[in-house]
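Consider the two complexes below, in which chain A is the common component and chain B and chain C are the respective partners.
And then the complex of A and B:
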């Protein structure tokens, strides 16, 4: 396996609360990976550390062989849980914003995706519904020619019909050299696009397996297995 | 084509079954060119690697073949459609029988019930 993400013994605490405990994870290229775990299991913390906006307390991380930092940020495209554009910005300006920030931003791709989603570049962010705002943000993130996409709850705020559309947008944006790590609670909506799943619990990986292997070995969907493993 | 997936079975197997059903029904005909893996994966809403795996398996079974640079095609095997129909028939009958046993029918009762059903559905039309 050509390793894209390599985490070794990563630790992270907020005050006395340990969120990641001796966390190990290796991810290959060309995969769409589900990062699944209950609330408070460390999913968002992991994603923020990989994207370089939070620092770890201990351990080693490389992305495509690079330490997390300025160089890794050039090849990592991150979708946060919340959108962050100013309400008064127009969609067109957010595209320009991304084009200014990221060398790998593909303007044509972004414009094409927006038009397929029927989003007008002249609209102001504040005029858009929550779901449409999320779509804009996702289009921006998927329009970078990155090697690692980190998507934190990409379909949380949108209706079921739009979810399928967004998943197709994600599939369209994917290339064999890159991997996409998706954290979500909406497992049954997402699982058929995943080729691998990582279950995390209390700051550790409890399972890393091919999605079809889970179905084959357990005769269960990933969603059903999740409910079993994390039953309260 | 319409794709429907259940969560509790490997997706690649379900893709294979659905393509076989299309072949048995004559929707996909010998010599037909298939869409590109990626295009088909997006249409079906599945991972491209999973689609690739399903198509490779179908190729291994001799139902599809690839021509370098020009793409992937449905094999031209005259017996194939019949053979696929047989396989699917077996599969559906097995499912039917299992379900009937689950609700407490004997195989004989199931067969009789099925005969009555076919009669009630098809006599009026013909």
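And then the complex of A and C:
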């Protein structure tokens, strides 16, 4: 396997609370991977560490052989679970912002996706609904020709009708050398697009398997297996 | 990349500052016009009242503009680097130091613009376009050209170091996993006390160097002795050095935290 993400013995704690405990994970290229686990299992923490907005306490991480830093940020496209644009910006300005800072940003693709979603470039971010803001961010993130896409709850805030479009965008928006790591609770919605599944529990990987293999071996969907593994 | 960061930094703020400066200039123009009208018609009470009110507003505005710049710089840093917008800024392929120094440079430019506007307003209201009162005052206190240069440098460094202290306090507060705001405030208080101790130690060193251990000579110095001696110059040099130490130290703290201990929750 051509390793894209390599985490070795990663530790992260918030004060006394250990969130990632000697965490090991390897992810290959060309895959859509579901990062699944209950609340507080460490999904968002892992994604934040990979994106470089949270420092780890210990361990090593490389992305395409690069340590997390300026060089890795050039090839990682991150969608957080919150709105990160200044409310006073216009959609057009957010496009230009991405074009200015990311060499791999495809302006034509972004404009095309926005027009399909009927989002006006002249709109101000503060005038958009929460769901539309999330769509704008997703469009920007998926319009980069990145090697790793980190999507934290990408469909959590949008209506069910838009989810299909977003999942279609995710499916068609990346190249064969790239991988997408999706963290979500809406497993049944994303299950159909996943190639691989990573279950996290208490800061450790408890299962890493191809989605098809889970269905074949267990005779049940990823969603059903999740409910079984993480039953309260 | 720093150039691009600065472009967006100024783009996001020029509307606010442009509005404030325009308002200040209009207000001072009204005050200046009323002053002229009062000179022409000294008995007109309406002109006098409008003149006094507009003058008071200009004076308050001139002080408020620096407070606004300080508050806006702090909020901008917090919101753009340590809150939600930080999720975008810290995933840009730029050095954390660039993100930090962009904010510092922008706040310095706004302070300089504040200073320029206030100076212009003073010239407009006094009708003294050569600022001769300033030079006369400098003569009275025996301020030489090197001293004036040092004062300008000190003012610029003070503006930079005071913002650096606010930024360092916010970054130290951001390390907390619970009340970041409270911890930032506590960090600021601690930094303030450390600075006071450094300044006190600096003054003590200065006294010992200049007067030895005979403090009575220092305490007995009067105003003219201060003006005629080179002590004021030495104090200015020491103040500049202390400001540089603050500037380097507190920026190093901020850059280190943004680089190695970033904690966006």
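One rule holds for everything that comes next: the second predicted complex is superposed on the first by the 232 of 232 C-alpha atoms of A that agree within 3 Å, B and C clash if a C-alpha of one lies under 4 Å from a C-alpha of the other, contacts with A are read in each partner's own complex, and residues count from 1 in each chain.
The rule is simple: a residue touches a chain if its C-beta (ideal position, glycine included) is under 8 Å from a C-beta of that chain, and two chains touch if they have at least 3 such contacts.
Computed from a predicted structure; not experimentally measured.
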{"item": "Clash or fit, chain B versus chain C on superposed chain A", "value": "fit"}
{"item": "First, second, both or neither for A:192, with chain B first and chain C second", "value": "first"}
{"item": "Centroid geometry (CA): angle chain B/chain A/chain C, rounded to a multiple of 10 degrees", "value": "160"}
{"item": "First, second, both or neither for A:205, with chain B first and chain C second", "value": "neither"}
{"item": "Touching partner for A:100 - first (chain B), second (chain C), both, neither", "value": "second"}
{"item": "Partner chain(s) touched by A:171 [first = chain B, second = chain C, both, neither]", "value": "first"}
{"item": "Chain B versus chain C - smallest C-alpha distance in the overlay, whole Å", "value": "27"}
{"item": "List of chain C residues in touch with chain A within their complex", "value": "1, 4, 7-8, 12, 79-80, 84-88, 90-95, 177-178, 260-265"}
{"item": "Contacting residues of chain A [partner chain C, same complex]", "value": "14-15, 48, 51-55, 70-71, 73-74, 76, 78, 80, 82-86, 88-89, 97, 100-102"}
{"item": "In the complex with chain B, residue positions of chain A that touch it", "value": "30-32, 164, 167-168, 171-172, 174, 188, 191-195, 211-213, 215-216, 219-224"}
{"item": "Touching residues on chain B, where the partner in the complex is chain A", "value": "5-13, 41-42, 45-50, 53"}
